[in-house]
Every structure is written in structure tokens, then in C-alpha cells.
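We just call them A, B, C and D in the order they show up, numbering each chain from 1.
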Amino acid sequence: MELGIIGLGKMGGNMAERLRRGGHTVVGYDRNPDVSDVASLEELVERLTPPRAVWVMVPAGEPTRDTIHRLGELLQPGDVVVDGGNSHYVDDQRHGAELAAKGIGFVDCGVSGGVWGLENGYALMVGGEDEHVKRLMPIFETLKPEGEYGFVHAGRNGAGHFVKMVHNGIEYAMMQAFGEGYELIEASGLVDNVAETFRSWQEGTVIRSWLLDLMNRALADDPHLEEIRGYAEDSGEGRWTVQAAVDHAVPLPAITASLYARFASRQDDSPAMKVVAALRNQFGGHAVESAKGADSPGADVAAPPA
Amino acid sequence: MELGIIGLGKMGGNMAERLRRGGHTVVGYDRNPDVSDVASLEELVERLTPPRAVWVMVPAGEPTRDTIHRLGELLQPGDVVVDGGNSHYVDDQRHGAELAAKGIGFVDCGVSGGVWGLENGYALMVGGEDEHVKRLMPIFETLKPEGEYGFVHAGRNGAGHFVKMVHNGIEYAMMQAFGEGYELIEASGLVDNVAETFRSWQEGTVIRSWLLDLMNRALADDPHLEEIRGYAEDSGEGRWTVQAAVDHAVPLPAITASLYARFASRQDDSPAMKVVAALRNQFGGHAVESAKGADSPGADVAAPPA
Amino acid sequence: MELGIIGLGKMGGNMAERLRRGGHTVVGYDRNPDVSDVASLEELVERLTPPRAVWVMVPAGEPTRDTIHRLGELLQPGDVVVDGGNSHYVDDQRHGAELAAKGIGFVDCGVSGGVWGLENGYALMVGGEDEHVKRLMPIFETLKPEGEYGFVHAGRNGAGHFVKMVHNGIEYAMMQAFGEGYELIEASGLVDNVAETFRSWQEGTVIRSWLLDLMNRALADDPHLEEIRGYAEDSGEGRWTVQAAVDHAVPLPAITASLYARFASRQDDSPAMKVVAALRNQFGGHAVESAKGADSPGADVAAPPA
Amino acid sequence: MELGIIGLGKMGGNMAERLRRGGHTVVGYDRNPDVSDVASLEELVERLTPPRAVWVMVPAGEPTRDTIHRLGELLQPGDVVVDGGNSHYVDDQRHGAELAAKGIGFVDCGVSGGVWGLENGYALMVGGEDEHVKRLMPIFETLKPEGEYGFVHAGRNGAGHFVKMVHNGIEYAMMQAFGEGYELIEASGLVDNVAETFRSWQEGTVIRSWLLDLMNRALADDPHLEEIRGYAEDSGEGRWTVQAAVDHAVPLPAITASLYARFASRQDDSPAMKVVAALRNQFGGHAVESAKGADSPGADVAAPPA
């Protein structure tokens, strides 16, 4: 079928290519004229035959919001828009309502797949109304991996990005689990063959997984991870997962611990632990001297050892 | 080669069978005469040709400790003992030293594989000296899965059970990660197709894993887990993992959160939360009345809302 | 000085009374005509002499937002508004900007004190510009406790409610700490005199505090908390604290654990632990049977014990 | 009454002095002859009139165990020993049984008070049998603070050190709570007067406490804790608390988080976060290259973005 794609960066460009290989007609627009098929959003819309389908693949936040708002002005009733970026699910609900008011369909689509997606397909998680998802199925069928799995219509607008977000939250805790296990094994001083241990787990164990495979590739290059710093960024999805949990009063101790471990990994010094250290100092002799003459209600009470 | 096996329950019996199918000569002893090849430990030892190899597959703790102690009395220098049970790694170090003093080798072996092990092999993680591990390699080769992985000589005595213990700790956090993700998705009210979502993740995602496969089997039977209670036992390994972490000053927030979630799942009511509820109650009017006349330093101070 | 107060419920009514006792002229408005001095917001504004000061003490969220918006229409340049409710600090920043555009001052004020505040004063934490805070100091001086402490001008708009929010976050973790300690002591089976133990800590220890005093009052009535359920609500402030932490990439493990413990205390059954239980079940024999013929990559691999 | 004290360091020396001021007869023994009243343990025992009372105030672990074992050899039936050090409660149970077998009483005593104890008294938490505790009450009465509180007979042997251990666990989480709150306030960029905020909380708030007083002393000297590093040691009691929790299947999320935060504060780099960083790297282009030709089951599957 015919599809417009807005945003032809690494992800959008590869997706356009996979769709063309799959026999679809793709018209791409990018701010960069070198890779763009058309000169403007207006021209993109003109070039597509109604009812149109347009896939937005630009950075989350302001750029996506602006693009979708603009499409709302340019498209016609019966057209459908897909947001394939990393948008917050709350934005999807707003975008869906905004476009629905104009008779335009909206589907949010969480995409997994990275640079290997061109060859092997992308895992897709979509949210939206049945009629819009159905119209786009030829596109989804081409983009997804060849096997039985890798695609889900999770629910209404927002559900696609929501489950992609939760997927990433689960991913955080799984990565943290391997990290903690690795650290304990290294700290034990008991295990001579750490990398071999992780490699052996690839068969017959409960924890075999793609992440374990990745870990083994990393340990193959650098068996004690000496060349890498324990510094980890976090993507918005981990934070959104915790915020959604708090909104829904759902306890997420392992996922949250994993997010916090990343926050802590980026601190040169921990202000919280400065306080703990300062309080411990206050238990000592110096504190007592400095507290002399204080009118605090605690000043005349014994300072116990920590 | 020739091997004595002590303990012919579900695990030991299957392992004996797999070894026989693999061409080894196995003499088994069990307290249950119906399945035992010999009448006593003494007879087992007599029936084996020195230098002997004896595999202990009895419950961890007292039974294993007693059996190994007994073997220390019955065996001769040059023999070797394997503990294939779920022993604590600290016990291994003691058993290794005790047997070494008598010239008897000792290898600890963490075993994964359950009921499928007979057909598909067991993942094995061993600790001990090279010479003892090497002598047992024909046994390990037959027991392990056929592929390239599934066996590691992790280090000296204790290392085998230690890494099996950590494997289980990692497993706890991975299971918790899926549990938390599932709960958040259900709580969101946004996702109509929860089971389909988890099933779709089996391809193309970062979190695809054997545990995800198991989860999909569970959700296939019972898509909202309505027939199962949120009550989870813990095995000793999870507790030992946390205790080892504390011993080594290693922070394990996600694994510990997972263990604690199991503890909490088994409580009808939480004493800690009784305290929190009681304190919240104290902020109210009644508390103030009951505090009348108290000589506590706080009694004359305003009770702020929580 | 002269002050208008909007909202004469338990908190607002008591604050009005304390201010009158302190010599201030208070004009109160409430939807309930029985307690209101004036019939409408319009009349309240008319009754006050410019430059006016108006204290808003209505429920957080919509009611506060509506009231402040309305005051923006009724008041004049040079007037000043105080929000003494439990508003989110983000609202304050918006309210401050909205009123500033009309030349009206805005101060946010976190208030602690509850029913005892009338007699003993309220702890006040304010945010806003110096000139507005200074104008209101006669009011703050009368409302606050008599001692040296209990009032702070924490920073610009939002700072008052922000530090009150963090105060409550700290409170959550302190309450949780006592709860956890209590639970461990009860579980140990080693301590015959639990209530006496907590009571003894009121002097000479590191943890003596007002919350410990409250705990001792609770234990005096019910030494094993048999009459109270381990079920704890949470106020918005705890959630906002965690969300602010996530926004600022600050790890808050103890405060978040305390919030999550409250969430969990309100669940009859934990969906996350259903997953953990289901996965543990899958390790057993039934799972293996149900997996027959499955095309999952894990189906042909041994199911290890948990 | 008459008391022997073994160990006349800072704590033991001050306690001896407080007891003498209180009219008791104290015979002290220390390895350092300059402060010792007697030349040997034997002489100490000889100098005391049966039935004797001997207070052991030496470092926990080996020194305490050796001293108590020695006293078991030197003392007579009817004598009583107090361990006032920081012993593990499990040791107490063993010591109590060992001495009881010889007719000698044993009381374990957790002591809070530090350098201020000499003037203001020590909070005491004791475990042991009624008859032994009663005999020692004159000593406890003199050592404890003057008020109504500060002493408890918590239960049988071990209970004294157990509740002192839990006290310290609670202390960890309270310190962490203040640390987390401080860090969030500093990170917000919204609060100009951080030290003033904490100081204001000393009156009228829920969180007023002795630790808050100590924090205010620390902030008075160094309002942004610029001169202190976020590096915190932990005492054995925090670790023992977590281990006891694991033994009793009690979830202690906030206390454990506080212990782990201290562990993490002492790491230059986190091995766990190296793994997380390595896994994130593996999602990128380099990983894909290094995975070429790998026979891992994951190698032919798309690498999704984190």
C-alpha cells in the first residue's frame, strides 16, 4: 500500500527501505532535502492518494507534537496518522482525540528493533481503533519480524506506547539483575571463571535470555569489564514507568531500584550520603564540642555511638 | 566410567538413568531398598573400584552434611566426592577441607534441569580442584545438555554452589520484573490485550527469554491469572544471595526487593504497616486526647496532619 | 493586620481564630453561610482595604485553582494571595505567574499543625518574593509556634509547598523505619517486652523523635497492635515526592520503598506475585506437559528447579 | 554495689567513673596497666566478693568471646557476667548457655550514650533472666539517664543486643530519610534557604527528632555540606539487622535500602552498573558487529534500542 513517512533518520530511513523491499509505495519527507522525496509536508500530503496513511518518525516531545498538529491541519477525514516514535502515552491520548475531532484516525506504535530491524523486522506494539489498525496491517506485516510473534494491538490510543514503556521498565530490572549477580560473583573472590560462568548459563538455566547473550558478548571482549565505566544513562521510558506506577498506586520495587541505580551511577558524590556522613560525624567528639551552648532540645542529651 | 550415587529420588534417579544411557556404570544407594542397588553406604563403597567417585544427591543441610562426613570415614585417599544438592557454599568449603585432610577429593556441583534433565541434560556449575574436576569430566559431559554451553568449572570449592545461588538470585529479580510489568499493565486500564502483549514480546524485543516463554504459557491458560494467588515461596538460595551480598558489602537492591516481595506475599497482614497505620491514627484527634498529661517532650506540640 | 480567609473548615476556621486572638482583623468566606462573614468572594474583596491580603485555605487541586483564578479577576494590583493548602508546587509556579501578570503578589505556604495548631501554632514553609512575604510576616508570626523555629521562607514560588512535600516524604520513611523495626522485633520471638522497648528509647537514643512518642502512645493502648490493620493510605505528597525525584534524577530508595509499602498494604492480592507464583508453577511437571508441541524456543529445554 | 569492669577504654572508663560517682565500688581491669586497678583477670576475680558481678566492655567478636570464656573458668556459681559491648545476639545465646552450665548468670546489654553518657547517662537494653537483671538493677539505675525512660529488660539472653541492633537499623533508615530529603531539595533548584528549612522543622513538624537536631548542627557549620564527602561506613548492626530479617522472612525495604546506599557510597565504580552500561552498549552498532557469526540464539534477531 501507499505510505507517507515523516522523518528519514536511521530508524525512519530503514523502515522506509524495508517497506519498499516489501512492495509498498513510500513517500518520505525529511528536513534534510538530501534524503527527502518531497520538499514539504504539504507536498507529502498532496502526493498521497486519499484515504492517506502517514507515519511520523521524528523525535518524541515537541517535534512529534508539532508534526501531528500540523498533519491535523493538512489531512482530510478518513486519513490515518501513526506515531512510531518514543512518545509518552499521555500524548497519544491527546493526539488521538485531537485528530478524531477532524475525522482523522490515529495509531500509536511502540517500535523495537534498532539497526537490525531493516533485515530482521521490528517488534511493534500498537494502540488505536480496530478500523485504523486494520487499514495499516499491510504495513505492520511487512515491518514486523517474520515469525508468529512481534506484533500486538494492545488496546486503544496510548496502549501501544504504554506497553513499549513497560517493556523498557522490565528491561531495566533484568539488566540490573545481571549487574547485581555479576557484582556479587566478582566480589566473592571465590569464582575464578566469571565470564565462563555467564556463558555456561546460555543453556539449560532459568535465566537464559537475549540479555544474557548480550552480556556474554560483552564479557567475551572484556572479561572483567575493565574498559567500561559503571555509568548508565536512562531513557525517558524508565522514568515514565515509575511515574505511571505512582499514578496507579502500583508498587514497582525492582524496576524503581534499577532506575535509581542508574541515577546514582551518574553522581560523582551523593548529597544524601553527605548527610549520612555528617550525621555520623555529629555522633563523635567534635560534634559534641560544636554543640556546646546550643539551645537545641537535643544538645543536653547523650550522643550515642552510631 | 564408574560412579556411585547416593540418593535416588526424582533428581538422583533421573541422573543415574541418564548416566547409564550414556554408557557409565552406576551403583546407586538409597534409604528406600526398592530403588537401591546396595544395602548400605558400606556396600556402595565396597562395590566401587578405587579410585572411586561418589555423587551425593540428598537434601541440603543435615542429610548432606551427615552423608559427606560418613563418606570421609569410608572412602580412601584418591577417591572423590561430588555434592550435587543445593548446599550452601560455606558448607562446601568445610566439606572440601575435611575430605582433603584425608586425601579425598571434593567437588561441589550446582545443578539446574528439573524433570526435563533426563532427556535434555542438566546445566552444571562446579567448584573444586582441577584434578578432581577433570577426573569427573566424563560424568559431567554425559549429564550436561548437548550444546556448547551448560557446564562451567567456576572456581575452587564453593564456587559451584555459589554461582548456582547467584543464578537463582538473578532469576528472582527477572521474575519480579515480569510481575511488576504485568501488574502495571493490568492496573493501567489501557491495555485490552494483556496476554497477547506478553506473547508478542517473544520476538524482536530486548526482554525475550525463557521466563517470558513460561509466562506466556501461564497466560495462555489463565489470561488474567484469576486462578492463582499472589503467594510465593522462596528457596534458600534467594536468602543466601542477600546474606552473601551483605557479607561482601555489595548492594543488591533489585534482587533484595524481589525476595522481600515474596516475604510480603505470604503475610496476611503486615506488622510494619500496622505501625504506619497506627502513627497515622495518632495524628488525629483521638491521639491528642490520649496524650493528655503525658510527660513526653512531644505531648505539648501541635499534631500536624500526615 | 487585616486578612481575608477563604475556606473556614477545620484548618481555616482554627487559623482564623488564632489570628483573631492575636489581634488581627479577619474576614472569612466559606460556601457554608453559617460560618461565613460575607456572602460571596466579591463581598470579601470589597470588605478588605487595599492593599489586600487573602489567604486561600480550600482543598488542593481544582477548588484551589478555581479560587485563585477568581481572585485574579477580583483583586487589584498591590494585593497579595496566599495558598495555605496542600497544593502541588508546580501549580504554585503557574499561579504566581498568572497573578504577577496582573500585579498581584502570590505566596505559597505549606502548613503543619493539625488540630493542635490553634493552641500551639502551625509550622509554616513559604515560597514567594521577599516583598510579599514581608508584608505577610505579622500573619505568619501569629500563626507559627512561639519558639525560635517553625517558620521558613524557603525560596521563590513553589518552594514552600515543595519543602512541605519533602517533609512528608521524610516522614514516610521515618514511619516505615519504625514499622520495620517493630516487625523484626515481633518476628524474632526473642523479645518479651516490645512496647517497653520502644518506650525506653524515648531517652538517650539516636532515634528519639516525635514519631517515636506517637508510637509509644499507640503501643500503650494496644501493645501488639492487635486492633489495627496493616493498611495505610498515602497522601498526594508522598507520590509527588517520588515524581519530583524521578524528574530530577535523584535516587530516593528509602522514601520510595515506604510509599510502595503503603501501596502494597492496600492490595488484597498482588498481581505481580501472581506472576511470580505462576512462573514457579511453570517450573513444575504440569508446565512441562502443557508445553508439549509448543514452538517456543524454550520448549525443548529442561525446566530447572527454581 | 560492687562491680568488676573489664575494658577501661573511652566507654568502659566513663561508665566506671559514672558508677563510682553514684556510690558503687568498681574494680577495673584493662590490658593497659596505667588505667587498670588489678594486674590480671584472676586478680579482678579475687578482689570481688561473691556473689560477684562482672561487666565486660571490650570489642565485640573474638575479644568478647575470649573474655567471657575465661570468666567462665574463673568465676563461681552464683556470679553474674554482663556483656555491655556490641555483640551479635547469637553470641549472647551461646554465652548464656555456656555460663549457665556452670551456674553463672549472664546478661547482655546494648548501650547507647557515647561520650555524653558520663554526664547524662546511657540508654540500656538488657536481655537475661529476671533474677540476674534484678541483681544488677542498682548498676543499671546509676548508668541510665535520670528520666523515666532509657532502660528496658527486653527479654531473655540476646534480646538486649537484638533490640539495640534493631535500634541501629531504624537509625539507618531515619538518617537515609533526611539524606534523601536533603538531596531532593538541593536538586530542585527551587529552594534558596536549605539550611534554614531544616532548622525551621525543629518545631511543630512530624519529623522533629534528635537526628534533625544533629543535622541542623551540621548544616550550621557547612550549609551545603561542601566540606564532607558522601562516603558512609556501616557498623555491623546494620548488616546483622538485614540478616536477621532474611532469617525471619521479614521484609525490610527501607532499612535495607539505607544499608545498600552506604555500600554504594564506598564504591569508586559500580561493577553492576558496568554491566548495565555494557548491555546498553551492546544494543548499539558495535555490538551488532561483534555479534557477527555468533551461534548464539539471539544473534540473528534485531537489536532493539534500549
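The working rule: a residue touches a chain if its C-beta (ideal position, glycine included) is under 8 Å from a C-beta of that chain, and two chains touch if they have at least 3 such contacts.
Not measured: the values here are computed from a predicted model.
Participant: Determine, using the mean of C-alpha atoms as each chain's centre, which chain is farthest from chain B.
Facilitator: C
Participant: Please work out the Cα centroid separation of chain B and chain D, and write it as a whole number of Å.
Facilitator: The mean C-alpha positions of chain B and chain D differ by 31 Å.
Participant: From the C-alpha centre of chain A to that of chain D, how far is it in Å?
Facilitator: 42
Participant: Taking each residue of chain B in turn, which ones touch at least two of the other chains?
Facilitator: Touching at least two other chains: 112-113, 117, 120-123, 145, 148, 168, 171, 176, 178, 180, 183, 187, 202-206, 208, 210-211, 249-253, 257, 260-261, 264, 272, 283, 297-298, 301-302, 304, 306.
Participant: Please classify the inter-chain touch graph. Allowed labels: line, ring, star, complete, other.
Facilitator: If you draw each chain as a dot and join those that touch, every dot ends up joined to every other.
Participant: Within their complex, state which residues of chain D touch chain A.
Facilitator: Touching chain A from chain D are residues 11, 112-117, 119-123, 145, 168, 171, 175-176, 178-180, 182-183, 186-187, 202, 210-211, 213-218, 221-222, 225, 228-233, 235, 253, 261-262, 264-265, 267, 269-285, 287-288, 290-291, 294, 296-306.
Participant: Residue numbers of chain C touching chain A in their complex, please.
Facilitator: Those residues of chain C that touch chain A are 148, 203-206, 208, 234, 239, 242-243, 246-247, 249-253, 256-257, 259-261, 263-264, 266, 272, 283, 295, 298, 301-302, 304, 306.
Participant: Going by the contact rule at the top, pick out the chain D residues touching chain C in the complex.
Facilitator: 89, 112-113, 117, 120-125, 127, 144-145, 147-156, 158-159, 162-163, 166-174, 176-178, 180-181, 183-185, 187-188, 190-193, 196-197, 199-212, 241, 244-245, 248-255, 257-258, 260-261, 297
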